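Take a look at the following structure, please.
Chains here go by letter, A, B and C, matching the order in which they are written, and residues are numbered from 1 within each.
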Amino acid sequence: MKRWILWGLIIGCLFLVVPAGADGQTPDAGGQEKAVVTVTTKLVPDVGLERGGKSPAVEIFIDGKPTGFTAPHTFVLNPGQRYELRGKARGYTDDFREISFAPGEHNFQLSLRLNSFSFILYVFPALLWGALLTLGLTVVAVFNGIIIGTLVGIGRVIKSKVVNLIAGFYTDFIRGTPLLVQIFMFHFGLPPLLGLLTGTDAVYVPAIISAIVTLSINSGAYVAEIVRAGIQSIDRGQMEAARSLGLTYRQALRHVILPQAFKRVIPPLGNEFIAMLKDSSLVSVIAMEELVRTGQLLQGRFYRSTEIWLAVAIIFLCMTLPFTRLVAMLERRMKTGD
Amino acid sequence: MKRILVGGLILVLLVALAAGCGKKDAGVLRVGTEPGYAPMEFQENGKIVGFDIDLIEAIAKEMGREKVEFIAVDWDGIIPGLLNGNFDCIISAMTITDERKAQINFSDPYFQAGLLILVRKDNTTIKDVEDLDGRAVGVQGNTTADLWLTDNMKGVRVVRFKGNPEAVQELKNGGVDAVVADNAIIMWESVKDPTLKVVSYTPFTVEQYGIGVKKGNDQLLDEINAALTKLRENGKYDEIFKKWFKTE
Amino acid sequence: MIKVVDLHKKFHRLHVLKGVSTEIAQGEVVCVIGPSGSGKSTFLRCLNLLEEPSAGQIFIEGVEVTDHKTIDVNEVRAEVGMVFQKFNLFPHKTVLENIKMAPMLVRGLSAEEAEERAYQLLERVGLRSKADAYPDQLSGGQQQRVAIARALAMRPKAMLFDEPTSALDPEMIQEVLDVMKGLARDGMTMVVVTHEMGFAREVGDRVLFMDDGLIVEEGPPEQIFTNPQNERTKAFLGKILKL
């Protein structure tokens, strides 16, 4: 429970340090006539327009007092005198400037930026779509990985030189090369090769398929190592006892070794899931807009890195924390009868 | 609780330390660039080369700098990198836009560009921009190609890659129907790879490249602009232009 | 019933059994003694083919089980029960499931038949009330008794015991030995690696003394313990009897 409070505190602090930007402007020296100032506004990003709705009105304050007007509005001010002009709108950070005007007509634009909270809300749906892809890819990849990894992991321990060799080569290759390289190899490297083999142009593999296949194959190798280690961690006496009773190797594996290995494998499998949740962001190189990539694209659009990466981190935490809890709970429950 | 406080303190100290470490060597101009955009900036034999590269080197020379240090970065990290002070300026075929101007300052325009469409040679259906509607179009994420298509062509499925080379490879493999990027780049790719072709040689946007400088660093900006003007006057600019764009 | 002819076992270059020959009659209880590392366990494990002999022959009821072409090792193992020093119960299964598993998987018994058999055997080892316990809830002596019941559930023709009491606290040794005595009395053919002289004297028909991969001396327990002929036997007995 304490940990949750701590997370809350950290996130709260981050909100405080998120800067509210306002550009300064150099005032002109005054003259005799009145200064006629038309105050207009710019909202960035203009959420109302982006969503096809109505933008909130910007209230104008002069020297701290509400004028009762919303922008655009024209004021008559004393030239040369310094005013504090402030624009306020719901969900946006105030823009306020200390300013004085020369006589004559002026246009003055207040520029209000979405405040951090509203901005995060604004980009949240896009990030959630990314998170959905991340989560989906991870779940599918680790699920396939568990199937592949269990078979390959068993393949590494059974008494068959050929199977050992193939399984060993697979795990060595995958674990010995970066996931990024595997994605590039599969998605960009394979189609021309397939094309060459089939005598046609490049045989295209859709990015989503490439992503699922490479992540699954990658996860499979890591799960295989987990499974192998799990099987080998079971006391030799278990296999011997089973065989001495007349069970075949397969029966012993299935009824005696694997059920015990399964329990030991749960915590590292949980780690594998969390690792994959983070590593899956590498599929962004083949234009999969998962959570991290969505964050990057939004950053390139709005240049508000603090809010975006904070939101991305929070979403990741929302995916990993409950999961770590679940694994811990499973682990505890599995302890009985071991 | 105490341990957390101490940890937080150490963190703050580290951040302060890192911020204070932005030491600068006056003789060196540190330039951020994303070298995946031939012929403007790209890697050749382990070196970064291109029009932009030659230009900034000439500018630095004009400014009296002894050395130019190139820092290769991802496109997505190029403006944050400048803002963090990882380098002094950006030259990376960057179009001057309002959104970017809100973040950084730009030099005077040094190159006029516009978007073109690249397709596979056998493609006969895409004849102009409108034909992109309903198709998958590869772009580099957060380039003007991405922003323009996203804002102006709602029917296009914009496939955003990290770099332009990946987008072109995807086009060759058949994953997208077209690639949209700046004219110089599209033309370069079409010349380099005979299986690709340019749809029309007239760009459908007009854009200006600028050299990006951190806001407040007006001295550097003025120096760059002065050098740029000088290079245009003394013919060096044309020399560099001719070197990279032989015809016209 | 069991006949061993010139049995050799090598682990790579390590020559562990150097030509063991002996014959064990139906219903006979043979105790094997000898210094640590002399090859007693290896000999026992060869008898039910947990280790593959490097050379030599083993016959069980006249059938050569070392003949790979005609023999299914799983069938042989099913006929010869084995009890280990460290019990090796299956920790993820209850006592009842431990006993039921092999008869169902290997002999094809139905769950009811296997269960009935399991309860009978638990009765016999005095642990009927522990049927639903997990192994880690039992004492060492209880676990070893369950292990014996598990082996018996296959209705083996012979039983092999590899130091069944040496991992036990002293106060639990007797309960296990009592079960084994009961088995001997019922006519089970048994090969027991043990240093329990009392047991050997009481129920053993014959004692084999092994040293350095060979049977150095054999004979009735009384003779071996009180009047050993071989120097090595004397030296060994001198050491363990002093304890």
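Going forward, a contact is a pair of C-beta atoms (placed from the backbone, for glycine too) under 8 Å apart; a residue touches a chain by one contact, two chains touch by 3 or more.
None of the values given here were measured: they were computed from a predicted structure.
Peer 1: So that we know how the chains sit together, what is the shape of their touch graph: line, ring, star, complete or other?
Peer 2: line
Peer 1: In terms of Cα-based centroids, which chain occupies the most central position?
Peer 2: A
Peer 1: In angstrom, rounded to a whole number, how far apart do the mean CA points of chain B and chain C lie?
Peer 2: Taking the average C-alpha coordinate of chain B and of chain C, the gap between them is 79 Å.
Peer 1: Taking each chain's centre as the mean of its CA atoms, how far is chain A from chain B in angstrom?
Peer 2: Taking the mean C-alpha position of each chain, the two centres sit 25 Å apart.
Peer 1: From the mean C-alpha coordinate of chain A to that of chain C, what's the distance rounded to whole Å?
Peer 2: 60
Peer 1: Which residue numbers or ranges of chain B touch two or more of the other chains?
Peer 2: none
Peer 1: Sort out for me which residues of chain A touch chain C in the complex.
Peer 2: Residues of chain A touching chain C: 235, 237-238, 240-248, 251, 255-256, 259-260, 263, 337-338.
Peer 1: Residue numbers of chain C touching chain A in their complex, please.
Peer 2: So the residues of chain C touching chain A come out as 48, 50, 74-75, 77-82, 84, 86, 88-92, 101-102, 105-106, 134, 136, 147, 150-151, 154.
Peer 1: Across the complex, what residues on chain B touch chain A?
Peer 2: Result: residues 4, 75-76, 79-80, 99, 102-103, 138, 141-142, 147, 159-162, 166-167, 169-170, 172-175 of chain B touch chain A.
Peer 1: For chain A, which residues are in contact with chain B within the complex?
Peer 2: Of all residues in chain A, those touching chain B are 6, 44, 187-188, 191-192, 201-202, 204-207, 284-287, 289, 293, 296-297, 299-303, 305.
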